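Each of the two complexes below includes subunit A, the first together with subunit B, the second together with subunit C.
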Partner chain A sequence: MSHDGHHSVVIPAPGPEFVPHTVAHHFDTPVQEFQAAKLGFWLFLATEILLFGGLFAAYFYYHETYAETFRVGGQQLDWQLGAVNTTVLLLSSWTMAMGVRSAQTSQKGKTLLFLGLTVLGALIFLGIKYVEYSAKNQHGLIVFSHLFDGYDQANKQLPWFQDYGGVMKDVPHGHLFFAIYLTMTAIHGLHVVIGAGLIIWVMKGAAKGRFHAGYFLPVDLVGLYWHLVDLIWIFLFPLLYLVP
Partner chain B sequence: MTAHAHSDHHSHGALQMGHHHVSSSQQFLSVLVALLVLTGITVGASRIDFGSANMLIAMAIACIKASLVIAFFMHVKWDTAINKIVFLSSFLFLALLFLFTLVDLTTRRWDSYVNTIRTPVDHGWVQPAPKPDAHH
Partner chain C sequence: MTTNIPAIDQHAAPTGGSTNYLNNTSGFWSWASTLDHKRIGLMYLVGTTLAFLAGGLFALLVRVHLWEPDGMLFDNPTYNQVFTLHGAFMVFLFVIPAIPGSLGNMVLPLMLGAKDVALPRLNLLSFYLWLTGAVLATLAIILGGFDTGWTFYAPYSLYTQKAVVTIGLAVFVLGFSSIFTGLNFIVTVHKLRAPGLTWFRMPLFVWALYATSILQVLATPVLGITVLLVAFERLYQVGIFDPRLGGDPVLFEHFFWFYSHPAVYIMVLPAFGIISELVSVHSRKPLFGYKLIAFSSLAIAVISFLVWGHHMFTSGQSTFAMFAFSFLTFFVAIPTAIKEFSWVATIWKGSIALNAPMLYTLAFLIIFAIGGLTGVILGSLSVNIHMHDTYFVVAHFHYVMMGSIALAFFAGLHHWWPKMFGVMYDETIAKIACGIIFVGFNATFLPQFIMGSRGMPRRYATYVPDFQVFHQASTVGAVILGVGIALMVYCFVVSLFQGKKAMVNQWGGVTLDWLTPTPPPLENFHEAPVVTTEVYDYSTLDLSTTRTPIA
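Let's turn to the complex of A and B:
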């Protein structure tokens, strides 16, 4: 074993299309390596839940306080696009689960296929999100395009307050709904981008045959990250698009 | 090496990451179908006006969907006890955050015009004292 500090544990490749995995020298066994990484990743995911949890708390607080604002705000969003994106993410979560399963069962081709489909799902999601953001920007509901405008001396206001447009001008604290919408969906969207990047990264490893029944840890962890992205959206869709 | 490994305390994982439960494709497909059906129910339920129950219904369905994703897609059902505790405890702390936010929400006197400017006299809870010049 590796207790002498000279030899590392090697997990043999199950076939010619795979490569063996060398357990990192600071771990005694593959099980220890797997469990340590997995525990660390679950801790990270717990912090992710708390990150989004704070935003959800803000949502519920203002939803209860300015119900009318949220009702009108939700009507400005296209629920059909939201439903399509929900379906896309659920499907991509399924392809991700199948990708992990393919790696666990040493099916290299299927692993690459399912991971590729998951990236495709991420791209479709981001494409639809771009269409939505563009429309909201045109209607003056998103003020990012004015973020770097200077202070308006004449009106004694920052431009993104006075330019705030559309029907949200007529409801109390109309900026709140789209501020929360943009913050939550943008941070979620950032996770989609990072998740897609991570999947492409494990695809490179999968193409080299690094992942098989003996070693599939990176695929497993990236899969967990991707499912978390799906998990958050499961709550975002009804709260933002179908405002109860 | 193999013979040595089998006598070792960690023998079952000497050559692999250990024994892992691998879910069947059929199970993943069933979970996917359930998630899509529940999404449809979410949209359908939002079209009907249940008053304040709409929020509860939407969140209940979302929680069922989330549980399916966590248990099956994220494989938590077959994960180790420590990993379950670590991940699921985040929801416990989330519940604490929501609980105290809710307490604040239901007990706060809003600093709106109505609540800050109106006095007990305005409310009609007390009668104003008679004016001194009434005697002249």
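Let's turn to the complex of A and C:
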């Protein structure tokens, strides 16, 4: 760094419990840094939507092709548990928004509280999801212990799709609904886990006082991510549980 | 474009004592953990070049095998693996990442007058994702290889007993490497342009990379989910693409080409950008139709999302869909032709320097005209039915991918080499290499047009003896091409050790990348540049820093 004029912009801390933020060397102003990160993150969210877009396209295609399968398959899901999970995620989006707001107004305690509540929401969601998955496992629709067994050529059946109850017997390719249900909710569930991890990471920073009115970018971005995870579920819930 | 940088030539070229991005720190870790876009660009350059050489080796094996109608080297399953390796390595590890990753990374922030890309950590992550993808792809070879072709068509990719999950994972990871590069460039162009550098003062390489980035961000995630679903399909038989289980393999093709057609433009738009720069600099003349070229990049980006069905004319689409896709495909020809004509018009009456970068550029203009026009032929529905999956298609896309994109990459490499390293290669050897490559390339692929139009199907390990003369001509051409590329690489490597010092502004460019010391310092400019003049305004050129104009 030979040259003259190298000076980093520092945003001062608003109080003793906070730490100042140094703007990255290649930005001239904090606003530039903020806007660049925000634009980049919105683009990243667009890629997430397109990733799920492929799954939604597959959903709609097979919903058209095997309407009856999707109708009967959807009835096997517990819409009440799904509704509870929807409520949990919506509430967690509210706590996330409050967490961002608290960071913006330099309220360290409240930031930690609301972010913690959001993580709690994520855990409740995953817990309910676990109950739902294991119910499918016990009813013998999806047998998780056989998930990675190959297609049974001799009996022409999928080991993981047993249909013990016989409910999907009269519809074509009954497994297809559950395959799509499982793939979509599992990939969404993975995003919930990643989101919770990110929130915990942001909480560590918040505990050190890194986020305040002058600098709250990571909280903001993780908040956007969490809202997207919520938003995707808002589409998954009616499509999988209600529409069929 | 002048700047307020005072007397640029005072920071004389790489004289002793001055620090630059290459020598400001040293040691393995200073490179492995660097956030400097220029060093990341160089790491991409080394990586993608190695991938290119590996892919080229597989290509030579394919060509040698096809010397005899019954095949010379491999049994049929092995042949399937070798051509798949050639395609997958070339597409995913070289053609897609090479230009944005190496030259884009190196030059884009310089051209914008920025200190770095907007998100340097993400930039390094992109490179390591590329490296992970390369390792996984190599691992897939060790784990049994893969024989699906680079397109992974279902249902074969679901049933074959090969390492498809591993290579699928590699493609997924490489996809995110590409996405993050695109995302980074978009943000950089929006937020880090120097004061005075308005959108229509941006060099056309920047415009091309910007259009490319939009495609990378919007198309690649669909490829990600597609290969992920193929992996799920193989691991636990979801049935989405598997006709045995009620799935539809044509859905795979739609997903795949929804990405992979725009991907063709992810590959070719940066090449267009390089050619736009080079025709201007080496003719020392403002670009003809600057705005048209800029907008044609965006037009290509938009149209490219609407034409994927032209890869599937024989896959079972409705007649209406085929008609619509064919019709829309012709539209791509318009912005593309606008570029070609603008480049030719730029050269017209210019002060042309026939140096190595310009020779590659001229070779590009000839080869791309053939590659582009044969694309229009293939876009016509009725012709396509006959030509589908023949060597005519192979020849067409090699005229674009190898003859146009790789040659544009070589052109750009010769053009920015003195900027990157502060040394000049031997121009004579470089020109000879260019000539050999041009001859070898055409000898390889012109015969493929002929045998393709006569019905030679692609991807076959054996063929009827009638085609032997064409195959042998093609193989001879491939060997010549290989010799030319080896000579070019040799020329570059030698220049690093014995090359003469480059001038500050070796070719007389007036974009910001040429108005910084050579090689550039860590943060690119000693003083933040301010742009006050229009782009490609050669009246502002400081002749003391560069070659003398040709009369």
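Assume the second predicted complex is superposed on the first by the 215 of 244 C-alpha atoms of A that agree within 3 Å, B and C clash if a C-alpha of one lies under 4 Å from a C-alpha of the other, contacts with A are read in each partner's own complex, and residues count from 1 in each chain.
Going forward, contacts are C-beta pairs under 8 Å (C-beta built on N, C-alpha and C of every residue); 3 or more make two chains touch, one makes a residue touch a chain.
From a predicted model like this one, the values you see are computed outputs, not experimental measurements.
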Partner chain(s) touched by A:173 [first = subunit B, second = subunit C, both, neither]: second
Broader residue contact with subunit A after superposition on the shared chain, subunit B or subunit C: B
First (subunit B), second (subunit C), both or neither touched by A:9: first
First, second, both or neither for A:65, with subunit B first and subunit C second: both
Touching partner for A:148 - first (subunit B), second (subunit C), both, neither: second
Touching partner for A:43 - first (subunit B), second (subunit C), both, neither: both
First (subunit B), second (subunit C), both or neither touched by A:94: first
Contact residues common to both interfaces of subunit A (with subunit B and with subunit C): 1, 32, 35, 39, 43, 46-47, 50, 53-54, 57, 61, 65
Residues of subunit A defined as touching subunit C within the complex: 1-6, 24-26, 32, 35-37, 39-40, 43-44, 46-48, 50-55, 57-58, 61-62, 65-66, 147-148, 150-151, 158, 160, 172-173, 175-176, 179-180, 182-183, 187
Partner subunit A, residues of subunit C touching it in the complex: 18-19, 24, 114-116, 118-120, 122, 179, 183-184, 186-188, 190-192, 217-222, 224-226, 228-229, 232, 235-240, 244-248, 251, 255, 521-523, 526-528
In the complex with subunit B, residue positions of subunit A that touch it: 1, 9, 11-12, 28-35, 38-39, 42-43, 45-47, 49-50, 53-54, 56-57, 60-61, 64-65, 79, 83, 86-87, 90-91, 93-94, 96-98, 101, 104-105, 213-217, 223-224, 227-228, 230-231, 234-235, 237-239, 242, 244
List of subunit B residues in touch with subunit A within their complex: 4-5, 8, 10, 12-18, 20, 22-23, 25, 28-29, 31-32, 35-36, 39, 42-43, 46, 54-55, 57-59, 61-62, 65-66, 69-70, 72-74, 79-80, 82-83, 86-87, 89-91, 93-94, 97-98, 101-102, 105, 110
